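This report refers to the structure that appears directly beneath it.
Here the chain labels run A, B, C and D in written order, and each chain numbers its own residues starting at 1.
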């Protein structure tokens, strides 16, 4: 159950609500960061009547929520969340395109890609500075040097920057440079990181864990929102199945399911998803056709020389071709692609 | 290795090739039904030089095929297979739409649906007369009566009929009524059935098994083609994963992968795939955007009263809306939807 | 709901029960082959009181069954099914060991293996005469010749014979030679085959489908039993997961779950399961420790020369070592291994 | 490739090796914490001859390692790692039993369980003080208070303490109280945490991720060992599959596979694995029969009142029964259960 206070509710009125919750053997859980004071009622609320709270002074409404994810649910908030990233909308009717290399490798590389993807119509630049790698012996990213190069590319092109944060220690550093902070698939249930990101003033792009159910994924988003950061976007990037011909199995089904369950924006990452360059455009198109609010695509000027994931990166020319197709498909679902103002 | 004889090769020349294969400790496997005589060489061909055969009298070419699936592979035949179903093309640039109820239930029901889906633009009518069901206590279909009703609906509308065959015993009966015979997911590796369908004069729609790899699926198609029936279309209908919010996980990734590996047409069944009516159009659109050659969609005039799978059937009106979106998406991939002449 | 008639119930009494079922808008489904007349009530029985039937003349009991599988459920029959295979018990407290080659290859091979596994303590000989293979170009078995060799080995050793039946056409032929007929994983939901085996006078060893849930597997067994053959044993042989280091993932968890849900015997096939010779004994031991009623193990005198699956076959000496371990583990679960009388 | 220096190698000799590696276009990666200086050679070593290094002054041996996991591989170290936990061996021939509640709930609860499991034969006490939970609204553990209670129970019983660490921030705090620090399944690829644990003077119990392959799991262990902590034990706790009747699918197959690939100890957690109390003993027995070096079992005096995971906890009496069975099975694999001295 969720109890929302009126804007002008007094502290004493809030206190009375919390007291009543405790008197019923339940626990009040204040939601930080929401516009109004909201209290989640934790425990078995099966026998409790919301009206008992709704009539209390200072209470705006008391709502029973059937799903275990609450703040991110459409039951609690019906309209789409539109995240304002320095003037660029993420979510809503417009479709955003994020593009860039897997890893930031050098000044020249990131500037070249940034100009190319901007030219083709991207509004966000992606690029990894901290790279979680399966092997301790692989390239782990340029770290702060990489973040600085991303900021430089932003300055040069006006593109917004999306980059991964991989642990709580580097949250302040990444927040300093990034416009949107990405949580990778392997960290989707790193709850200490999620909670820390709940108090950061940056939107979060939360990738789906390799074997996370849709429900678990929404619960992970709930962690961030419950700690005070309502600006979370979800990104489907492929799940693990028995099929070995593709890197992962992009779960296109998750897109319409999520759009019905949550008000958060839903993006798709076809590059890590299918993991085969020639097939990336097909999956990107499918994502938009299924209702995704955006795509995040790996682009590299010379994929065969990339330090990571070159086999799944598009060339700038291939990316431009994809953009043309995406614009047509957007019209089929009565949407359009966000362009730089 | 595959050895193709010239059109005018003599029996003695073919015999000489077979003898040479045996002399090398390998086994000749004649491929029935191909336009020209083709012999697959079975065994370890690693040390054999195709040129040793290519120079023999009557031989057109000798080709090493790297994949375990051979006749269905693009290595063996680069151009798309276009199956001619009584004048309607299945495969190639045109996109086919197959629609109809899960089960044939009655004369009125099948006629009503047939007219409705024809009106909206379908060129094939689907409908199950034999229904393999998980439980022995569930509705198993109207059997021959259902086949007769499908034939009636074909007569009334001009739509071609696709229906499932579930065992070898009923192959002749189903072949008598159907334009295309469907093999269900649970029978994908029923090799006796596949072999029997290799000698039937009807195109086959081969659904993917619930946990079949793409390779195993192509091998199942190979069974049919190797026995003499080259007219096989593949249909992705969702695989089994850990996710429980959807009935199956439609593997959209399989579509571009298959289109690169095989010349056979590739369709998608969004209805059984995601299994939730409101989300069927999203998956259908995604399939076309990813490059599928057609869709097979469940449509029922009153889904809530269907004897099977009503929760995943579109109403005729919803189907019509989907058709409009599909036509736009087809243009994005430079294709168009097949219409009735 | 299940209604069991008294042994001396009259035809008229049975008819009255069926009429009452129909009068309630439900369907009576007589179960063939059970010792007494049993009628399953198909349809929504939520509002029906079993006592309304229990008081009717000739009715022994009326039982609500919560699971979709009914005849195979412990709710319907609490005590273990013990199948009598010509004097050898399959099921109950005793543990059976089935061993032999993947394929019957020759007279000498099958006789050599049969003597070796008998010597080590097996009571059943396994061996494939019909081999469903992923590729149409692979060795498909010796067919009837293989069955004859199995019968010969039975005569020579007294071992009972377990062999696979792969289609309805060959049911009579296989039944002529086999003591137990095996249904392979790929045919677990070949309902025409299951129904046919319901009227055969041979016990059935039903392997689990590659991605069959436990519930689907029990429903497949229900098909056979509902058609009149109560002698079904289940065999766990590994499911399909994302792990690629092993051939399949033997689902050891299924064993205790099944033993609680069903009265049918449950065996384990470690050979096809893990698919790596050196690890087969570990999985066989685990199966017995988890409560399996038997194991089915591939043994080949010269695994490196086997026509199929040699990489997962034990040598006779390895099998003998395994038998010694199995006997000790059996005592830990208060059981013992069946020996030839 | 791995180059091990002689114990008395000079700094200049080490330097010469590193220089030669760089001269070949490769990267030297010194392994911290190993007894001798070891340098991993990172990059494509296909064309490099180990003997070119083996003959250099100060070099003990140069070894090509085929697996991507190196330090944890049996190729690099053939004999079992036996971790000395304050006199109790973890790994080797002896089997360890870890038992205790899912969460530490109170002084009385943890003391009661500790005495009970000690009585039944456990040598380690488990108990969660920090609980990563899917929902932000669930009980998250007593935190430091829980750690203090575990230490108290250790003092009272002499049992060693195993408890989970869930983030880098709390590593020092957990290390202060725990004898063995556990990394949970969701953190298996939390590389910042793994690296931090590489420099902690405590053994690590690394649980398998829900959909981690065996290879990825070994790579995660490699992270810890490569950073200097060789005392890592692996714990299979069930993977995610399509089956929903059990909480997870305990991958019993992983046990013999791991025992062949790595020298690290391998344990099994049947409680989280199957997640159903009545079936926990079957899985525990299977684990030991398959070759596991220990089990970690949830025990709670009143499972129905547990704050977390009560439905999968054994009572002390059930645990005692399990211990008796485990001792018999241990003899079948020529091992015995560690007892408190």
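Definition applied: a contact is a pair of C-beta atoms (placed from the backbone, for glycine too) under 8 Å apart; a residue touches a chain by one contact, two chains touch by 3 or more.
All of these numbers come straight from a predicted model, not from anything done at the bench.
Student: Comparing C-D against B-D, which pair counts more contacting C-beta pairs?
Tutor: Spelling it out, more C-beta pairs touch across C-D than across the other pair.
Student: Relative to chain D, which chain has the most distant C-alpha mean position?
Tutor: Result for max centroid distance from chain D is chain B.
Student: Could you put a whole-Å number on the gap between the CA centroids of chain B and chain C?
Tutor: 33
Student: Report, in whole Å, the distance between the mean C-alpha point of chain B and the mean C-alpha point of chain D.
Tutor: Once rounded, the distance between the two centres reads 49 Å.
Student: Averaging only over C-alpha atoms, locate the centres of chain C and chain D and give their separation in whole Å.
Tutor: Computed from C-alpha means, the inter-chain centre distance equals 38 Å.
Student: Check each residue of chain D and list the ones that touch at least two other chains.
Tutor: In chain D, residues 211, 240-242, 244 touch at least two other chains, as defined above.
Student: Where on chain A is chain C touching in the complex?
Tutor: 211, 240-242, 244
Student: Would you mind writing out the residues of chain C in touch with chain D in their complex?
Tutor: 211, 213-215, 238-239, 241-246, 249-257, 260, 273-274, 276, 278-279, 282-283, 285-291, 325, 328-329, 331-333
Student: Inside the complex, what are the residues of chain B that reach chain C?
Tutor: 29, 40, 42, 68, 70, 132-137, 166-169, 186-187, 189-193, 195, 210-211, 216, 219, 222-223, 226-227, 240
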